[in-house]
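A, B, C and D are the chain letters, set down in written order, and residue numbers restart from 1 in every chain.
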Amino acid sequence: MEAMQQWVESLERRARFRLGSGRVADYIPALAEQDADRFGIAICTNQGEIYHAGEAQVPFSIQSIAKVLLLTLALRVQGDALWTRVGRNPSGMPFNSLTQLEAEGGKPRNPFINAGAIAVTDRLVGAFATPSKHLRDVARRLSGNSAIHIDDAVQASEWKHRSRNAAMAYLMKAFGHLDNEVDEVLTAYFACCALSMSCVDLARAFNFLAAEGHALSAGERFIAPDLARRINSLLFTCGMYDAAGDFAYRAGLPAKSGVGGGIVAIVPGRFSVCAWSPALDERGNSVAAQYALELLADDLGRWSGIIPAGLTSGGKMTPIM
Amino acid sequence: MEAMQQWVESLERRARFRLGSGRVADYIPALAEQDADRFGIAICTNQGEIYHAGEAQVPFSIQSIAKVLLLTLALRVQGDALWTRVGRNPSGMPFNSLTQLEAEGGKPRNPFINAGAIAVTDRLVGAFATPSKHLRDVARRLSGNSAIHIDDAVQASEWKHRSRNAAMAYLMKAFGHLDNEVDEVLTAYFACCALSMSCVDLARAFNFLAAEGHALSAGERFIAPDLARRINSLLFTCGMYDAAGDFAYRAGLPAKSGVGGGIVAIVPGRFSVCAWSPALDERGNSVAAQYALELLADDLGRWSGIIPAGLTSGGKMTPIM
Amino acid sequence: MEAMQQWVESLERRARFRLGSGRVADYIPALAEQDADRFGIAICTNQGEIYHAGEAQVPFSIQSIAKVLLLTLALRVQGDALWTRVGRNPSGMPFNSLTQLEAEGGKPRNPFINAGAIAVTDRLVGAFATPSKHLRDVARRLSGNSAIHIDDAVQASEWKHRSRNAAMAYLMKAFGHLDNEVDEVLTAYFACCALSMSCVDLARAFNFLAAEGHALSAGERFIAPDLARRINSLLFTCGMYDAAGDFAYRAGLPAKSGVGGGIVAIVPGRFSVCAWSPALDERGNSVAAQYALELLADDLGRWSGIIPAGLTSGGKMTPIM
Amino acid sequence: MEAMQQWVESLERRARFRLGSGRVADYIPALAEQDADRFGIAICTNQGEIYHAGEAQVPFSIQSIAKVLLLTLALRVQGDALWTRVGRNPSGMPFNSLTQLEAEGGKPRNPFINAGAIAVTDRLVGAFATPSKHLRDVARRLSGNSAIHIDDAVQASEWKHRSRNAAMAYLMKAFGHLDNEVDEVLTAYFACCALSMSCVDLARAFNFLAAEGHALSAGERFIAPDLARRINSLLFTCGMYDAAGDFAYRAGLPAKSGVGGGIVAIVPGRFSVCAWSPALDERGNSVAAQYALELLADDLGRWSGIIPAGLTSGGKMTPIM
């Protein structure tokens, strides 16, 4: 698959032109120390092949990307009952807004804004003794990397600067939408966000969303095909903070970003991809990682010849969406 | 293609079970007279074949579905300059809200909320002598039906009950975001929404979005492939009023609804579909038409055997998204 | 009453130190031409004596000060039925906001924000053949100046730049809270705002609010004493746009400002006062006129010796509030 | 002063007709146990005479009335520097709203909404070792009743149900507008709200606002005359939650209510009054206590004969506002 490797390298080369703009997240000191010029990208095909370029094996803080795993676990545990606590529509507001949460009686719009992920975590706190360890173990199994761990310094820093997340959690609690104590839920939530994983780890871990729910690394059907399709739809409409529509317009892929600079994206039926670069735009999405995924989508749509036949549907590109 | 016809008929049969719930739009008298129990569905494949069931050849008021045509024409005329006047993100608010429009300085969130469509119409008023006739002619050409017309009674009724749309237009005007006179823009906008088309007409007219921009009926490339992909992404994130996320979760298809009861949806690479039934849910989307499209998406994902091989990618279903 | 005249002159002298800051209203050209450095002040005692200093006899555009006359006339015509269409609470929002109006179903918070005054005007359009002429005649009678007129150029300019007011009016119409046609109501409203009056005219015209409803110039009881008290309360809580609380804290007087630079204030039981200077602060209140009224309130509270005994209650100052 | 006592008794008699409507606050169990039909009223003249009727000597939870004492103490300690942390304008929103607090960067609109009182308490936490004991001691001194205490059960109940107040405090903390730890500030705030005082206690304690800052019971000038006037203005515009404008229109008195059912009102230059009855309207103000104060204001305005000459200015009523 030399062509595939060359493609990934060309994505890296072109995306690096965007290094130099954006700002590293500074809301917690543990993230602010990152070097803005790092870049990595990894693809994991549905056949289990890995192609990567740049610093694709350097672990970074996955931050909000953890929300997808939290949601997936909660749906496995609770099924559709989860949707009584969190909605499925784009918020149209910044990811940490309280205004909408108050107006809508403490039910967060979707599981990918902070309030929504906290509400999801609350369900897992009820279901697992130590939800963050459970989530870490799932991440290890899905990525086939038993070295994945929770970064204590990042977790401690999140806790110390928890005021806004605490405000959201207490507001949900005030509406009776949080079963457990705020401090316990936040502790679990911050631990999950503090998971440290590389592009290769994340591409592998999220391949089940490209493969109709089948987790190749773990050798198991992780979730049902229609659930994989639904989670992809949620990522498409709500995965990129309040820039979801813009990103959908430009790249047209289900994706989830984190303020650590990582973005995971899914090409259903073909492969999962993770790009990473710490400098963020004003909406909290990595500048260079976004650009890499836009290039990738353009290439998929236009120059299907560059991509090995096995990745396409019978040699002719099917439009991704 | 007997199997295909049987499938469409089975969709109709199953969707009819939802007749009886919902309410016909009553904000203008001309729409309120519709019989709530009507139902039709039509599919137009990328090969130009039509399959339909129920009252698929009865014309109805396309209403907000016109917004997709308005957007497409404006993008053809203005290109990306259009995006200085309207955004591309889900609004997270009802389709006729003024609050967000005021908070964001008179720039509507996207072209599928009313304010956005009015802003788009303003651009066409500048570009065409009679934009509504131009749009009607485009609709005729794309659907191959020269009998398509603007319903004068509906148009007059929209004008008479224009207060909320007028409020939005004047607010944009106050921010300097409308070049033409409010009355002129609203006149053109209402005329476009008052187009009368059937399920078959609409499935044909919108097939270019399934066919990478190629308009089979018109025998022309109507828009570039990447633009078709981008419009589909916008439909996916913003096409179903503030239920876009829910519909994406359940059906996972780009779609646009109108308060006349019609919904157009796109299965990229394969076919366009239009379902119609006048009774709406509280968010303004047709109850039975939505359900028909959910059934369709489920069938596509699960029982690919029912769908002729030519419609799928080499016999095996590619997940739609 | 030499002491009183000296006091008014000292207020003028001290207030002039604030000239030079603020900006003349520029939202309509007819107002933008005003010289920022003009200043006038006039007091009308409950005994009918006039004391003035500076350009107190120069007519200016009364603008929002007209809202108090509109309200008074509507209460005379409709009584408490008026309060079904407009509230009596501070808005907490800018005077021309649509957000709150939408959230509260088209019922404006109070009669002194634009939407509220338009709603009040709508009631007068139903009650009088030409409400603006009726209001002009009332202003003439209350001030004893038959030369008072509506400035056509200002009225025309308001109409031309009516977009935001039109947006509010159409939004109320959409909620069924406006009985008459938007254009007719706005025409009457703009005419009233375009009344041209001097500080002396306004101090005389509004003396009825200081005199328990008795209009000295007109020689009649204009409104009942408790209604005068209630209107004063409304002015206290809502009269200074969204700076009402600040002004109440600093000056503690019922007052109404207009973007023409005028502010009318009431010292119940004693006198009415009007100060005028065209340059406004960012909230739309005249900088120098506000300051003059703060000085006046301070003097009233602290150095009662300067004010003739007849103006106080038995020689000893009663705190104004 | 027999006439005065008769007047107070007539106020009680008439106000009791409103018993039976409204609901006792139930957000904390400790308050919900109150009997809805209790009623008391007490007047404290600027000469130090007390007139009371009904259950005027029964202690109740002062709740938000404590905010006036908190503000007064903070202004004594900090002076105008306090206004960098809290505004002086009506909020136009419910007293425990987060939306406005978020929109305005964590600076509460005024000291009488919860967020504002918490911000004020934060300043006192920095200034006093145990602010709640200091405030209790001030309340004892001002009312001349050394038995006044903090109700432990109420305080504990407030803490247990602190979620919404915690949300507000954490949101201010997130904006850098709270210097001390959230838990510490809330503990002090709840202790102050849990003060238990009777109508007689409160009428005495707040007489300094009627007497230009002079505290008769304590035999000291508690605050400067102009500060008393300014605090009265704040009470007038912001003291009755989001019903401030309505209450001002009906009663025209500076006043502060608490969800324990008490309302303190000020007649500047004459007397302070406290009415109490536990059943609240939907805005959180006591139904019967409000009504008693409206009757009182009407009587003051209309039938001045009933009130002893010493309470008025030279026998003739001066309009209150």
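The rule is short, and it goes like this: a residue touches a chain if its C-beta (ideal position, glycine included) is under 8 Å from a C-beta of that chain, and two chains touch if they have at least 3 such contacts.
Just so we're on the same page, UniProt names per chain: A, B, C, D = Glutaminase.
None of the values given here were measured: they were computed from a predicted structure.
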| item | value |
| --- | --- |
| If a chain touches chain A and chain C alike, it appears here | B, D |
| Farthest chain relative to chain B (centres taken as mean CA coordinates) | D |
| Distance from chain D to chain C - Cα centre to Cα centre, in angstrom | 31 |
| For chain B paired with chain D, centre-to-centre distance based on mean C-alpha positions, whole Å | 57 |
| Centre distance in Å when chain A and chain D are each reduced to the mean of their C-alpha atoms | 50 |
| Where chain A touches two or more other chains at once, by residue number | none |
| Sites on chain D touched by chain C in the complex | 87-93, 100, 109-110, 212, 225-226, 228-230, 232-234, 236-238, 242-246, 248-250, 252, 254, 268-269, 298, 301-302, 313-314, 316, 318-321 |
| Residue numbers on chain C that touch chain B, as the complex places them | 97-99, 102-103, 162-164, 166-171, 173-174, 182 |
